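Below is one structure, written out as structure tokens; the observations come after it.
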Amino acid sequence: MLGYLIRRIFSALFAILIVITVTFIFMHAIPGGPFQSEKAIPPAIKANIEARYKLDQPLHIQYVDYLSHVVRGDLGPSFKYRGQTVNGIIAERFPVSMQLGLMTFAIAIIAGVGAGIIAALYQGRIPDYVTMFFSTIGISVPSFILGTLLMYFLAFKWGLLPAAMWGTPQHVIMPAMALAGLPTAFIARLTRSSMLDVLNQDYMRTALAKGLPRWRIIWVHAVKNAIIPVITYSGPLLAAILTGSFIVENIFAIPGLGKHFVTSIYNRDYTVILGLTIFYSILLIGLNMFVDFAYTLVDPRIKLTGGKE
Amino acid sequence: MKKFSLILAILLCAILLLNGCGTETGDNGDSPGEEPGEENGEEMVLTFNVGTEPETMDPHLSTGVPEATMMLQMYEGLARLNVNSVPELALAESVDVSEDDLVYTFHLRDGLVWSNGEPLTAEDFELSWKRALDPELAADYAYMLYYIKGAEAYNTGTGSVDDVMVEALDDKTLQVTLEAPTPFFMSLVAFKTYYPLYQPAIEEDPEGWHLSADTIIGNGPFNLVSWAQGQMEFIPNDNYYDADAVILDRLIFTMVENESTELTMFETGEIDMTHTVPGPEIPRLEQTGELNILPYLGTYYYIFQVEKPPLDDINVRKALTLAIDREALVTNVTQGGQLPAFAYVPPGIPEADGSDFRENGGDYYSYDPETAKQLLAEAGYPDGAGFPSVEILYNTSEMHKMIAEAIQEMWKQNLGIENVTLTNQEWGVYLNTRDEGDFMIARAGWIGDYLDPYTFLDMWLTDGGNNNSRFSNADYDRLLAEVRMLDDEVTRMEMMHQLEDILMEEMPICPIYYYTQPIMVKSYVKGYASIAVGGIDFKTAYVEE
Amino acid sequence: MQYPKELFIPLAEKAVHTDIVRPSITYWQDAWRRLKKNPVAMVSMVFIILLIIFALFGPYFSSYSYSDQDFDRRNQGPNSEHLFGTDSLGRDQLVRVMHGARISLAVGFVAAITTFFFGVFYGGISGYLGGRADNLMMRIVDILYSIPFLLWVIMLMVLFRELFPATGGGAGLYSIFLALGLVFWLPMARIVRGQILTLKEQEFALAAQTIGAPRWKILFRHLIPNAMGPIIVTATLSIPEAIFTEAFLSFIGLGVSAPRASWGMLSSDALTSLRSFPHLLLFPALAICLTLLAFNFLGDGLRDALDPRMRK
């Protein structure tokens, strides 16, 4: 197992290196640069700026230089937000996105798994149709429409919550709901279908035939096995929502990290693009590793270490 | 399964804890949006949505309009623009200008101090301007200082800092020598690149001094007291020389980017002023009486790439220009009180006698589909027959898209041109395509830097950095060079009218409308000054009970 | 204990496999038979077919085109002349919704199909092989997940302009398919791989292996059909995601060019004027929701029909 862990970490680092390299190539390949604007800057001034940020050096030197800083944990200065560092931007904004993301994740898991179990247990009956109807609405209404509608009713029509901004618990509610809509609905559908798969398995029938209490069977066997796809989905989901959503942050004016994932590319803010990509890929790869270990906790028969030969 | 429940429980606790922290930090100030007079006792609070987070709070490095608004509250230069964008003396009490209009001697007011109480001297100006020119700092707007003798050489690395001709003669006297007579120099000294900055703070942390409200030392009507979680709070600066003119007790800037959200917050009373208005909502909002249309010195136009057929034909360019119904466009599509543009330089720029440059220049063309058809026939495309496929390039925005769709339809209806395609590009790609001239017709906009037609006209110089139309005219270039060296306001304006004549005769661009800035303002907000060249000044703003 | 050798009769080679897997023709026939018995699924199927007809032929029955503007009839609510009302340039919203259906349905189908086939294939193999191969294949997924999607999109945008200069949007839809195809199968691959990891350790899979069924057969005949529930849920999820991703891509400049508009585009454009003209959002959003409901109920019906354990 230790050997596997080491191999896994090693392959993760290698994957991150590839991500950095490809992103580096892509962002330099696309037209435009960080110091371009509607009003062209005089060439001499542009040269000053490029010298300042070492953009006048050949690309391979920039690449090696960047990597040597990354290894030391320094993601460099932002080109657009002058004076700020990428580390600073992440440190300031990640806590906001994380707070919202964890809230969203909790809603999605609890509501989604709960609704899915109920729907599966009442397959083909009213509770099933009701939950599946709402979860279909949930996946077909994207967060930007859901967010706008929530704001219209909860803040504007009924005046229950502040429309936007950040800082108090009330400010978390609407964005968390808007963000949780799709994952909740998806998890509910996922849980329902994999529960049904499990409920029809022979060992379930056997357990029921043995007269074990129904709730115990459902909890111990059915939910446990049905949770595997939910766990799978949780890895990328968590990585995505912890790093913030551009759309929801924009609608609710949340000072989170999601905005920078998008604007850094529009701004060609090279260091921010790379820094955030690295941050996200570490999170994603780490969480996916965690997901694989979670599989073995839920179903000890699962082997990660080797093939079947 | 126990493990799973445990993880969930931990997760929930963590969230509750985190939210708890959020509450504490959020409650240390007054929340935005509280109605004036309520809960705050007698405190007079104004909340304005400035629309975005600042790219930087260093006045010398910043380039945007939202930043200009923030700086206007915190800093002041030798002059300050009034509501008509006309410079008025501010930190300078008087100014002597030499006979040849090359040497300006500014006399500072008595007892000027920074917001921390330290004295503000002429040397602060000298050091600050030289800092803005430092090639190491690499400021975008360093060229705004190029009018000063020796500035360009220093900034481009060919001269020394000692040769920059700005000098503090004593604590209260600043002498500046210019390269050439610059009639709008007093407007320039009101610009943010000319602000004095508190040197000890910069020396202590050259990179990060402007990142926190604690380390920013200003000299304007307000002090920044907090900047966190998408919100800035200002209180009056007691050390400001004109502190008595400041009425507000607290000024709050929110940074909501989404226009619809901003409007909702305005309607729920969370903010008192917006920075823009979603176009489609304007007809409804006009009825509230809270819609204000502010002037904004800029023109929205289409660029013709004059090297690409069929746009190399002047008749085609004219036909396309005349076939656009600008009145219909601004009343039905943009709807923000924009003015249809029948010339290039926007209204609002005064000439020497105070009359408006645009009014004197008049209109160059009108909406005239008949003439347009004739011109197109003369160019060899009667009723649009055989007209090659042309492309309108615009950058990603719903408004640009709608304008392009409307114009496409007008050309189809009025000229019979069927094959106009619309291409939308992401901002960076679009700028690049435009710079490389790899387009036929492209949307563009130009906002004046200062109140002078020159800021609009000099860009059409042959091979100029912003001349994306590839327009080249020897007469135009010659006239531009003359205007640059000219001092006499009357002849200068005359020549700029001639420049515009050439531009509108050759028509490398097709002006569409003059910008405005529609915003929502609660009826109790008074006394703010909107400046056409960028920014809103809250120095004398107040809330009427 | 001694058993006389004669008691053991070797089985014929062939009999082994045929007993485990019924002929595949009957499997699909069986599934279709069961699908027909599900009224909700059948209604959904009819709805989808009608929708396709509506998208393909509807515009020919209208007297307006998707680009005809009429400034005197802007932002009208639904009325007898314009059943869905008109938009901010006075264009008939019904025709625009019908035209939008073409783009959105095409995008949705392509996304669902690539997700379904490629994602299932990739994830299935990764999970089934396990070990080093799995580690490698999943790291590739992680890498594709991590490289910013927007960068891909801008790269494609530039590439397509180089390859097809001044297209009237002809290459537009293909560029969308390419962008979606790059990343949309990733969640499916991970979900399937997770399912296969657990399914391959279960008794029936081990049993199939013990009696020497070929590996590809175990994977595609036994393991994947048993994971069909999550597979169909994931594939149907990719439809709305693709429709709205297309809207985003068109907005930033990849894909079909204005004045053509998809459902996603119509609904996101309508958001800014939601307060004044809610009908502009209502119809495209309703179209998306109904289509999705139909696809989901059909998907659920398919899942039940394809479920190997529900066979009688």
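Letters are used for the chains, namely A, B and C, taken in the order the chains are written, and counting of residues starts over at 1 for each.
Throughout what follows, a residue touches a chain if its C-beta (ideal position, glycine included) is under 8 Å from a C-beta of that chain, and two chains touch if they have at least 3 such contacts.
Nothing here was measured: the structure is a model prediction, and the numbers come from that model.
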{"item": "Chain nearest the overall C-alpha centroid of the shown protein atoms", "value": "A"}
{"item": "Chain pair, A-C or B-C, that carries the greater number of C-beta contacts", "value": "A-C"}
{"item": "Cα-centroid distance, subunit A relative to subunit B, in whole angstrom", "value": "37"}
{"item": "Distance from the mean Cα position of subunit C to that of subunit A, given in whole angstrom", "value": "21"}
{"item": "Subunit B-subunit C separation of Cα centroids, rounded to whole Å", "value": "46"}
{"item": "Sites on subunit C at which at least two other chains make contact", "value": "154, 158, 271, 274-275"}
{"item": "Sequence positions of subunit B contacting 2 or more other chains", "value": "260, 426, 428-429"}
{"item": "Where subunit A touches two or more other chains at once, by residue number", "value": "30-31, 148, 152"}
{"item": "Parts of subunit C lying in touch with subunit B, wherever the complex brings them together", "value": "67-69, 71, 74-75, 88-90, 154, 157-158, 166-169, 250-253, 257-259, 269, 271-277"}
{"item": "For the subunit C and subunit A complex, residues of the former touching the latter", "value": "129-136, 138-139, 142-143, 145-148, 150-152, 154-155, 158, 186-187, 190-191, 193-195, 197-198, 200-203, 209, 226-230, 232-234, 236-237, 240, 244, 267-268, 271, 274-275, 281, 285, 288-289, 291-293, 296-297, 300, 303, 307, 309-310"}
{"item": "In the complex, subunit A residues that touch subunit B", "value": "30-33, 35-45, 48-49, 51-52, 77, 80-84, 88, 95-96, 98-99, 102-103, 105-106, 109-110, 148, 151-152, 155-156, 159, 162-169, 171-172, 219-220, 223-224, 227, 250-255, 266-268, 297-298"}
{"item": "List of subunit B residues in touch with subunit C within their complex", "value": "259-260, 263, 278-281, 283-284, 328, 332-333, 389, 391, 396, 398, 401-402, 404-406, 408-409, 419, 421-426, 428-430"}
{"item": "Subunit C-touching residues of subunit A, taken from the complex the two chains share", "value": "7-8, 11-12, 14-16, 18-19, 22-23, 26-27, 29-31, 132-133, 136-137, 139-142, 144-145, 148, 152, 186, 189-190, 193-194, 196-197, 200-202, 225, 228-229, 231-233, 235-236, 261-262, 265, 273, 277, 280-281, 284-285, 288, 291, 295, 299, 301-308"}
